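Both complexes below contain chain A, partnered by chain B and then by chain C.
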Partner chain A sequence: MLLLVFGLSFLSFFPSLSLSQHFAPTRTKPHHRISVSLNLKQRKQREEKRRMMMKLDTSGLESFSAAVPSAMAAAEDQLFAPPSFDLPAGCADFDKFQMEAKQTLKHAKGTTTLAFIFNQGVIVAADSRASMGGYISSQSVKKIIEINPYMLGTMAGGAADCQFWHRNLGIKCRLHELANKRRISVTGASKLLANILYSYRGMGLSIGTMIAGWDEKGPGLYYVDSEGGRLKGNRFSVGSGSPYAYGVLDNGYRPDMTVEEAHELARRAIYHATFRDGASGGVVSVYHVGPNGWKKLSGDDVSELHYKYYPVQPTPVEHEMVDAPPA
Partner chain B sequence: MARYDRAITVFSPDGHLFQVEYALEAVRKGNAAVGVRGSDTVVLGVEKKSTPKLQDSRTVRKIVSLDTHIALACAGLKADARVLINRARIECQSHRLTVEDPVTVEYITRYIAGLQQKYTQSGGVRPFGLSTLIVGFDPYSEKPALYQTDPSGTFSAWKANATGRNSNSMREFLEKNYKETSGKETIKLAIRALLEVVESGGKNIEIAVMTHKDGLRQLEEAEIDEYVAEIEAEKAAAEAAKKGGFCFIILY
Partner chain C sequence: MECVFGLVGKGFAIVAADTSAVNSILVHKSNEDKVMVLDSHKLLGASGEPGDRVQFTEYIQKNVHLYQFRNGIPLTTAATANFTRGELATALRKNPYSVNILLAGYDKGVGPSMYYIDYIATMHKIEKGAFGYGSYFCLSMMDRLYHPDMSIEEAIDLIDKCIIEIRTRLVVAPPNFVIKIVDQDGAREYAWRESIKSPDVSMA
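Presenting the complex of A and B:
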């Protein structure tokens, strides 16, 4: 399921805990958290701890009462204190509880993306469905992000996280080019992203991306995720539909394919994944990265692909019904 | 933490940074150093002051390597050099870690020059009193490179350059006699330039040669003496030819 991040201020008005079980929001803005029954001192302590852990400078978002002298602030806080509720039984550490809840539900990155290297370059393919539980929120999400004219990134996990950090990576790659008068290698770019994601480890980023490109050393493909892992490889598939895509991809892969054959293989692999995985669907996009940069090869709707691969057989009718001849 | 906020390097009314210029003076008093770039070789040479008898000469290395493919020689305050070299070495490894690629010569030169410039624009510090000659090969390339930095933080690429004592005469010599050379010829050109300002002999010259295949190699004293002997022989032959020709003309 691809999580779309709502305006989180919306959530802060809902003190009910059951909301977290439906949507399990990734906590990117701790100031707008769900308020629960903690007395003032505990809440302030937690805010302090969170503030010290945060890397981003959120001083601009602090509420105005923080600037007011403490006596006044205390009075104000009591006046405007939100309604308090009892914590669930046996929940001393609310943060840990929330993390555990998220883990049990384990929203695997609902998508299918794949990429592989062959003799003529790199093929990158992805579906385009975004879902939230059983609801399909979009059938036309761009999951292949163009970092720069010779590098692509795929999106799996949190859409906002992927989009933002890929754009950020694009900026860093361009700055590297300007400073060093030569393009950054795929190795370097993936390492930059992996180091950034590692420094945000544990803070709720959800990214499972592949960086594909062509540099001085030839075609390059790396898998980078929000746990800070980074793997170099020839074939990767990421997302909830990846087992199905791997089946087709590993079966049909040959390093000496032509671009057309590789294109068809990637398209078929994604189609089969969308057929079996409910969280994948929409349109299959296939890109090819060659020595001169990337080029979009095709974007096919999977339902049309289905009938292309499995055309409707005209079933023979056993007894044709003939109109009774007019009397 | 208390930090200095008063800069020592400030502009003069007519636009000079005197501290930087004084640093350049310090460089001019330092040992002579020369660098020559050939087509497949790059050579660094420095003047070696006579070692006191009790000193262990192995601990006084004037030409150092920053990485397996980059070397540096400098003229000026040697203690400042030590600090700068350590920072550069760390940066070389840090670059290898973050980008999984060795540094290019231009990158590390830019880093060192940037460091030197920072110390001309910070509170409570003085500029580094040294100019460096940085040589090396870019990764995935067989072309050698030679760069020079100075206390002001500027850097540029050179075919051949000299710094330190009597660098002007060395540079004039190089300008007159530079041509594209390779291998041994490059080494000889560097030694000839140094010999203009230094007493001849392997005892007073330190030479290091860098090639793409073999990396940095410091020449032994005996080798340098050989080269010096060759050069002197060539010089004598040239003199004789000139004199002989002259006499010939007069006779005729």
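Presenting the complex of A and C:
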């Protein structure tokens, strides 16, 4: 009975959360922060009390045999014990469960994405694997997000975070266009995103993205992450496979490449990263951003690319099995 | 890993900083400018967490400009340093900024000055100072070789000696450094010391 009332009071909170109206919160910590005037002992007691309050009252669920003296219970357990079940994980202590959930998300950004500026514009490339620990949950994730017809964003980190915030950025870019009668610059768009992510610092967002586009000043490329960092540059690679991609990309890069050469370099770099990094794989997508906007150049499966780059060679046989000569 | 250091000479002040933007083992960029030109006669060298560094220094810069627009005269270096320190102190027990700052400026009548502002809002007016792992090597060198009223050549020589020492002795030494100077003619970039050059795009 008690449990039902408790559960209902929780449910009443949910309708009030609406995602349609969003505002970036000011950079303040959650409201239950304790003031520094209490001494350590008092603070610890308060923490304990708060943690206790978050625990559910599960006395109603305790099995019947607990009330019976233990001598009898041992004999009658098999006969009279009502069916009991374990509460799902996390019910006993919500705070600790939330902390643990955040930790599982912290397995780094399992992906490989890269982008670079050259004389003919910007090339953006990414793999398409989504992994949860050791399990590959999808081989066909779209990691290059089309913010608007002349700007692209890459996804590394939490998929939902990246998708939502890039969509939000697209909305803000369009509002800027309507308000100012001109397109937003890549600098402006990346600064908008960086400021939003900065205001959510420490709250568990996991985003490592590159904003690539072509504006009045020419090609632009920015790296923005959920720690609040924002870097302007010519070449970036983000994700768990990024060191591998950097190795190939840095070696083959020349500012005066043709679009085909740049395309091949990006594809090769992602392929090599997927070869060595377990959290990257699937399909390599390559986009090119030119003065008229972005265009998808290719999407190749990495396993097919492997045999294209390293075709199977007939190997010489060392020992051939021959039939034993008849006796 | 981020090294910021500086000193005050005869009629000028110098701030030098490394230019690597690093994320665990990856170097994202080797030409990231960490010494901000606050206004015509002030330099702000900052090191710390990437988001905090950019956001806090830009916040200070915009406020310094706002004062000038509102009042028609620029802030003095001392006033700027105290304002910066005040902002860090106010934020300290709520949302501390993890930024260490060397603020250098030139004021008419007072001359050059430099302020050391810690991430926990410690402030000292100093003649020479350093932040980061590089400080372990630079501070003693500057203590030994610095003397008041150094000429520009002597000061740049000392800065170069510090850079060489950092490159020699620090295990993950940053390859490139930027040196900026502020004197009665204003704040400007003096030189880059690069040991790794990245190929630059003609357009960007």
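Note that the second predicted complex is superposed on the first by the 209 of 327 C-alpha atoms of A that agree within 3 Å, B and C clash if a C-alpha of one lies under 4 Å from a C-alpha of the other, contacts with A are read in each partner's own complex, and residues count from 1 in each chain.
Going forward, contacts are C-beta pairs under 8 Å (C-beta built on N, C-alpha and C of every residue); 3 or more make two chains touch, one makes a residue touch a chain.
It should be emphasised that the depicted structure is a prediction, and the values quoted were computed from it without experimental measurement.
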> Will chain C clash with chain B on chain A after the two structures are superposed, or do they fit?
Replying inline: fit
> Once the shared chain is lined up, is A:187 touching chain B (first), chain C (second), both, or neither of them?
Replying inline: first
>> For A:255, using the defined touch cut-off, is the partner it touches chain B, chain C, both, or neither? Pick first, second, both or neither.
In response: second
>> Contact-wise, after the overlay, does A:118 reach chain B, chain C, both or neither (first, second, both, neither)?
In response: second
> With the two structures laid over each other on chain A, which partner does A:243 touch: chain B (first), chain C (second), both, or neither?
Replying inline: second
>> Which partner chains sit in contact with A:165 here, chain B, chain C, both or neither? Use first/second/both/neither.
In response: neither
>> Comparing chain B against chain C, which has contacts with more of the residues in chain A?
In response: C
> Looking at the overlay, what does A:287 touch: chain B (first), chain C (second), both, or neither?
Replying inline: neither
>> After the superposition on A, what does A:216 contact: first (chain B), second (chain C), both or neither?
In response: first
>> By the touch definition at the top of the document, which applies to A:230: first (chain B), second (chain C), both, or neither?
In response: second
> In whole Å, how close do chain B and chain C get at the C-alpha level once superposed?
Replying inline: 6
>> Per the definitions at the top, what is the overlap between the chain A residues touching chain B and those touching chain C?
In response: 195
>> Which residues of chain A touch chain C once you look at their complex with the stated criterion?
In response: 27-29, 36, 117-119, 194-195, 197-198, 201, 218-221, 223, 225, 227-231, 233-236, 242-243, 246, 253-256
>> Help me check something: in the complex, which residues belonging to chain A touch chain B?
In response: 179-182, 184-185, 187-188, 191-192, 195, 216
> Which residues of chain C touch chain A in the complex?
Replying inline: 21, 23, 25-26, 28-29, 32, 49-52, 54-55, 93-95, 198-204
> Tell me, which parts of chain B touch chain A in their complex?
Replying inline: 98-101, 104, 106-107, 110, 140
